[in-house]
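Note that chain A is present in both complexes that follow, paired respectively with chain B and with chain C.
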Partner chain A sequence: MTPRNLSRALAVAAIAVGVAVPAAAQKKGGTLTYTFHPEPTAMSTISTTAVPVSLVASKIYESLLEYEGPGLKPLPGLAESWTVSKDNLVYTFKLRKGVTWHDGKPFTSADVKFSIEKVVTPFHSRGKTYFGEVSAIDTPDPLTVVFRLKSPVPYFLRAFQSSESPIMPMHGFTADEIKEGKFRSAKIMQAPVGTGPFKLKEWKKGSHVILERHPGYWKPGKPYLDQVVLRVIPDGAARAIAIEKGEVDLGPMSALPPAEAQRLGKLPSITASQEGSEGLGPIMWLEVNNRSKPLADVAVRQAISLAIDRKRLVDVIWYGQGKPASGPIVSGNPNHFDKKLKPLEYNVDKANKLLDAAGYKRGKDGVRFKLTQNFLPYGEEWVRQAEFIKQELRKVGIQVETQSLDMGGWLKRIYTDWNYDFTSNFTHNYPDPTIGVQRAFISTNIKRGATFSNSMDYANEKLDALFVKAAQTADGPARNKTWEEIQAILRNDLPVIFLMEISYTHVWNKRVHGLITNGVSMYSNWDSVWVD
Partner chain B sequence: MRGGTVRFVLRRLAQLVPVVLAIAALNFVLAKLAPGDAADILAGQMGHATLEFTEQLRREFGLDLPILEQFLAYMGRTARLDLGISLIQQQPVVELIADRLPATLLLMVTALVLAIATGVALGVAAARRQGTWVDNLISVSALLVYATPAFWLGLMLIVFFSIRLDLLPSGGMMQIGVAQTAIGKVLDVARHLILPAATLGLFYAAVYARLMRASMLEVYGLDFITTARAKGLSEGTIAWTHALRNALLPVVTLAGMQVGHLLGGSVLIETVFGWPGLGRLVFDALVQRDLNLLLGILFVSSVVVVLVNLAVDLVYGLLDPRITHK
Partner chain C sequence: MNPLRAFWRRFRNNRAAVGGLVALAAVVALAIAGPMLYPVDPFDMVGQPSVPPGGEQVLGTDVAGRDVLAGLIHGGRVSLLIGFMASLAATLVGLVLGAVAGYYGGRIDDLIMRTTEFFLTIPSFVLAVVLVAIFSPTILNITVAIAVVSWPSVARLARAEFLAHRDREYVQGCRAIGMPDREIILLQILPNALPPVIVVSSLMVATAILTESGLSFLGLGDPNQVSWGYMIGVARSVLRTAWWMAAIPGAMIVVTVLAINLVGEGLNDALNPRLKQR
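After this line comes the complex of A and B, so read on.
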């Protein structure tokens, strides 16, 4: 074996046994430039958790834990260790010594208590989901934080991601901002002070953001990169060109149009990967108004589901960037997905028979009934998907008329007016189905005006009880049993027509290394990413 | 400046106030007609927000108040030239506009100067050689450019000059994260400006070329040109000294009217070239129902348009001494 072959073999072996590539391969220095649009409106997910903000803020702020793998196994972060009481009601975190904020001041337990109590719980969009059960946060000393819960929260240890519960400096807010509760408009939202590996150097609105290395970062030798730069390029084709030319290194989270991502992925200098977003669990479905016939009829919904060729949808409309859906939980979720499930069936004959049996006979023109469809106004693919669905349903005698609305109009029509037949929709499982799945299907969330809630008016007492049970059981086989039951019920009832698990595609130049680390790789802090 | 002109300008400026306020009021009504509000959008964007959270946002934004109260508060603020805080970005609207306006003005003015210079020169050239191959070439090219969608033209210019020839950057306004001298910075911005200004300018150049040609031909038919020819003046002097000044009036009128159009019309160009201007900001403000930001930008652009129209009226007087301002 030549030395070159030997080193290659060793590298392969190292990867095979899950060992990090030798440190010598990792280069220090350099700049990673990524592009995304729209540009972030703030530098903290307290202002909004929209993707562009989460992308940049996760490099600046940290939370108590870091995570490994697609299933988000908790690792030490700002907390170097933690213990959980037997009854799952008390979580004690030991904080790391010697951590400093970007302005040099020391990080203490008071910052953690302040952040969770005053900022994250009331102002983060999922704050109450994660911390609603917290009855008290004690700080017996500057390096200890104790969370006391009213009842167990099975996903509590997954709450400490930097985009979900960023720890912010108490001294970063003015007395007035704290007194008047003006957290969302606080100065620190635009001029961040975190503990993360990168700090804000320059933000030219509409053009770019430059983050630079935080020299006092607590991990020795990290981060590898000197700078992380965001270039705001509003046009999808222009973003692709910038990556193709090497002006930009990375287009994360499907920043490129699917066709461009597929095209660039074939170039020798570029990688297009769909890994690293399992912890977000993006899923797309047709949201169906269950209020009146024919859609109130479960046979009709099952027929619609059978009439759609999901594989073609994925390949033709989305250029292969996804997988046919099997139900409400994405198959990439290693903790809760029922591995016995296959993607939902495509069978036009069966669909026709179901509709015949349900009493919806074809008229002279071959039409059984007419429906109106809306689509999520997220871009071209969604329009093409609507055309595709129209064609598919035409095959089983359902005539579809498509209606176009912008985001404001769409949200109002679906979630406030409930005035629709069906619409494409896209949401996330998040790290736990109690957070991401329950909200769309539990009947207590049929609330006029609540966005991405149970707009379908779907109410199933048995399912409601199962959701409550899953929310109170510690993660493990018993809880998974409950999730299996939930998945079976939803696959049968089809209050929505599950279409596909959208994959976030990340496209990067091969000079970039170490991007995919866990199920929320793009929202990780990139302290171990390096460039050639 | 003569006393008459000063009085004219002052009177027009005074008339401007009610016009701008009326535009502001109309903008509010139109913006409110769109369904949905910023609280919905922000809550939707954040994913999995509770209804209480959405309502909390609505209260923070003052969108829970009766519409008349919102309108009066808005008009009161506008009259005091206070454009408020952006609902989505939570920053003063004035600052957000000030961040973007210079880039838009730079692009707009460059494109406009380019368009007028090219358009006028080509229009005059075509008119002087009416019916020849030069005229045909200019007319057909102008028609072709006019009919080409600007975003497509932009992308093609990127493909050619940026990817194939690797001469110019594909987008942005400057190199990022590179230390440069002051002159270096100017040159860098100029390099980034070429393609977007050319794309935007070409379209208007085509319009002006066609207009200028028609206008010149009309002037060529007038008696004073015949007189000039009879006096034995050269064709060059007749075209550039006598005919041009008269033929320019419609071009000036159109250019003045198009400033408003340019402010909005640069959205596509700014999008394709990632130019950090106002166009994209107004589009995002509209889509996100960021009422304060949207109304703020519309207010500023209406003031700009009204002022430019006043300037156009003054330019008339310079071009044509027969026009006096009373």
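After this line comes the complex of A and C, so read on.
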């Protein structure tokens, strides 16, 4: 065969394979190994919702519903079906028959009532946002749960993700733990018993976690995998090499340094994808202390926003793993993002004119005023970004001194002392902006010591009223209108300088299939994931 | 013969030391005059990231598109400044404490030496990391931290010298004519005790540069300043794809530290000529 014929034959073969892949039967068996750092501190999101915990706990525990697509369309899960009353105040869930816990005991409505009332609402970090309006949970029979709400909660059906409201076994807690309210330190946090497709087999701290198939799982024929293994590899470059060599199959949620993710993504055996995190919506900004001049001045904040080349920031510092921000809601949010919005403008001349007009003239050395910046101590990219911001602001006559702090010092300075000028920060939108956006900007959340709250001291009565309205309106055009107004106000006032929508990059070996299923793919239970 | 000229003649005999001196002078000259000859801000994004050397930027760009040559020049300033200042501070403190301990002896000697041993038992780099982490990384704090972990060796050496000299006849003579202690220490013993201390503190400059590089590499450098260690730290994440980015500042550290060590050796030969003849 001549080389040309050979290549043609290969091309035909490739097409054939490409067509054949979707039709190929999912294979049963095998192990999926993923790597992440730091290692989880517990096996349940009740203890903390930190990424490493959510990653592993979502395979072990389930909630009432499952979700499909980037917009998180609710599907039956532990609940077979559900009905919602006309006034949106009563939600009735019919539970699935024959579901068993990992220890073989049957799952009933009592477990649901106990989990939501006693565990999730008081102890999950977003429990009160989801279930604060619940006035009663009734269990007329072992397979029926009825939630009664005081006022409508538009995002109520999005609350039943396994990482957000895991259903835990009532019999898994000791009488003492329940009596003393020691849920976060309960034994079950380290030795989980769930209903999910995988159960804990071995957890060697500092090294690995092995999950194995739950043979009594309620979905027939699932999960496909025999095992899910977490390997804890502290060094970023070493994580990349482990994936490159095929020792590890998956590095989820930007587990690899961006440069390495970009390099590996070009290899034929590896996929690097930014899909599958739409339901988290991480948004990064410069959190600005609005308490004193010059930052209390809207014009100054607008000038800072104009002075930063977001595209360059995304492309160079973050290796393209993100998008320039358009406002508080990420553009990937299919329901609430105002699609008319463009990324925030970059215009140095305009920034200089704004500052001149606001009365901040340049001194002899070209400096208008000095600011101190902090940065989130999450790794090198955040340092590079701080250096970049410093250079950008110098061009408009703002001299920035960078101060580096460890995580504890950073949290204290920003959220307890409120003693800072500006700092990089990021939060998640979560599936609904009332959960993820409101908390940072509503004036009732100016609370000393509360982390990821309104540290800026930004208070806007009109905005507060809009947030309350949005929280109580059912999803639809009217609610979207409210969110549009909120986005417009925040884009103009800029209590924080929105910078970038972070795209979590997931890097995996092509032998793994079926990973991306919805907007929280890495927090899904992976029961349909299979390996060659 | 003029003692300075004699010193220079002995120093000159050690060819490696002269080579080291030339290299060191070149590095110092680069650090002092460089920013004027090559006025590029080392933090400015001047081009595409990770461009290899030989393009528009002579030594290429780093992960954030910043000029590596500019970083090298400005970084040299910081590295050398911290190296020299930290070792100067450590020498002064060590010399004073060592002199007092060695000359007076007794309880004050015990007190000072136990304190010195306390510092010597803690691994110096770890102590420096702790100090910088507690007192936020600024140039001043880093210099102080390196001085704090470096003075004990000078103190011990100075103490030994003073101990050896304090009962010599010339010192006893000074005491006999009623010379105050301060004058004996400063004018009589110090000139005799100084040569070995100079050798040790010149080598300490090299250690201080390495320590600063180590701190910067770990991300504990002053975030407002570029230094060679910082440049290596930045390049670490792309070691697989852009090895030269770390190798260039690494080579500068090697050259500088080697030069300082050679000069130190030369000083040793020139200041303690009898040692060499042994």
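Please note the rule applied: the second predicted complex is superposed on the first by the 508 of 532 C-alpha atoms of A that agree within 3 Å, B and C clash if a C-alpha of one lies under 4 Å from a C-alpha of the other, contacts with A are read in each partner's own complex, and residues count from 1 in each chain.
We take it that a residue touches a chain if its C-beta (ideal position, glycine included) is under 8 Å from a C-beta of that chain, and two chains touch if they have at least 3 such contacts.
From a predicted model like this one, the values you see are computed outputs, not experimental measurements.
Chemist: Could you classify chain B and chain C on chain A, in the superposed arrangement, as clash or fit?
Modeler: On the superposed model, which is not a single observed complex, chain B and chain C fit side by side.
Chemist: Let me test your reading of the model: by the given contact rule, A:380 touches which partner, first (chain B), second (chain C), both or neither?
Modeler: second
Chemist: Looking at chain A, does chain B or chain C touch a larger number of its residues?
Modeler: After superposing on chain A, more of chain A is contacted by B.
Chemist: May I ask you to decide whether A:444 touches chain B, chain C, both, or neither, giving the answer as first, second, both or neither?
Modeler: neither
Chemist: Applying the document's definition of touch, where does A:229 land relative to chain B and chain C: first, second, both, or neither?
Modeler: first
Chemist: By the touch definition at the top of the document, which applies to A:206: first (chain B), second (chain C), both, or neither?
Modeler: Touch partner of A:206: chain B, not chain C.
Chemist: If you stack the two complexes on chain A, which partner ends up touching A:135: first (chain B), second (chain C), both, or neither?
Modeler: Neither partner.
Chemist: After lining up the shared chain so the two structures overlap, which partner does A:406 touch, if you call chain B first and chain C second: first, second, both or neither?
Modeler: Both: A:406 reaches chain B and chain C.
Chemist: Applying the touch criterion given at the start, work out whether A:390 contacts chain B, chain C, both or neither, answering first, second, both or neither.
Modeler: After superposing on A, A:390 lies in contact with chain C but is clear of chain B.
Chemist: With the two structures laid over each other on chain A, which partner does A:260 touch: chain B (first), chain C (second), both, or neither?
Modeler: In the superposition, A:260 contacts chain C only.
Chemist: Who does A:237 touch here: chain B (first), chain C (second), both, or neither?
Modeler: Touch status of A:237: both partners.
Chemist: Of all C-alpha distances between chain B and chain C after superposition, which is the least, in Å?
Modeler: 6
Chemist: In the superposed view, which residues of chain A touch chain B and also chain C?
Modeler: 237, 405-406
Chemist: Can you name the residues of chain B that touch chain A in the complex?
Modeler: 34-37, 40-51, 53-55, 60, 85, 88-91, 96, 99-100, 103, 151, 155, 158-159, 162-163, 169-174, 176-177, 270-274, 276-277, 280-281, 284, 287-289
Chemist: Mind pulling up the chain C residues that touch chain A in the complex?
Modeler: Where chain C meets chain A, its residues are 41, 43-45, 48-49, 63-65, 133, 136-137, 219, 223-224, 233-234, 236-241.
Chemist: Quick one: which bits of chain A touch chain C in the complex? Just the residue numbers, please.
Modeler: 236-237, 240, 257, 259-260, 263, 312, 316-317, 380, 383-384, 386-388, 390-391, 401-406
Chemist: If we count contacts the way the header does, which residues on chain A are in touch with chain B in the complex?
Modeler: 31, 33, 38, 41-42, 47-50, 125-126, 128-129, 184-185, 189-190, 204-208, 210, 227, 229, 231-235, 237-238, 241-242, 244-245, 247, 405-413, 415-416, 427-428, 430, 435-436, 439, 447, 449-453
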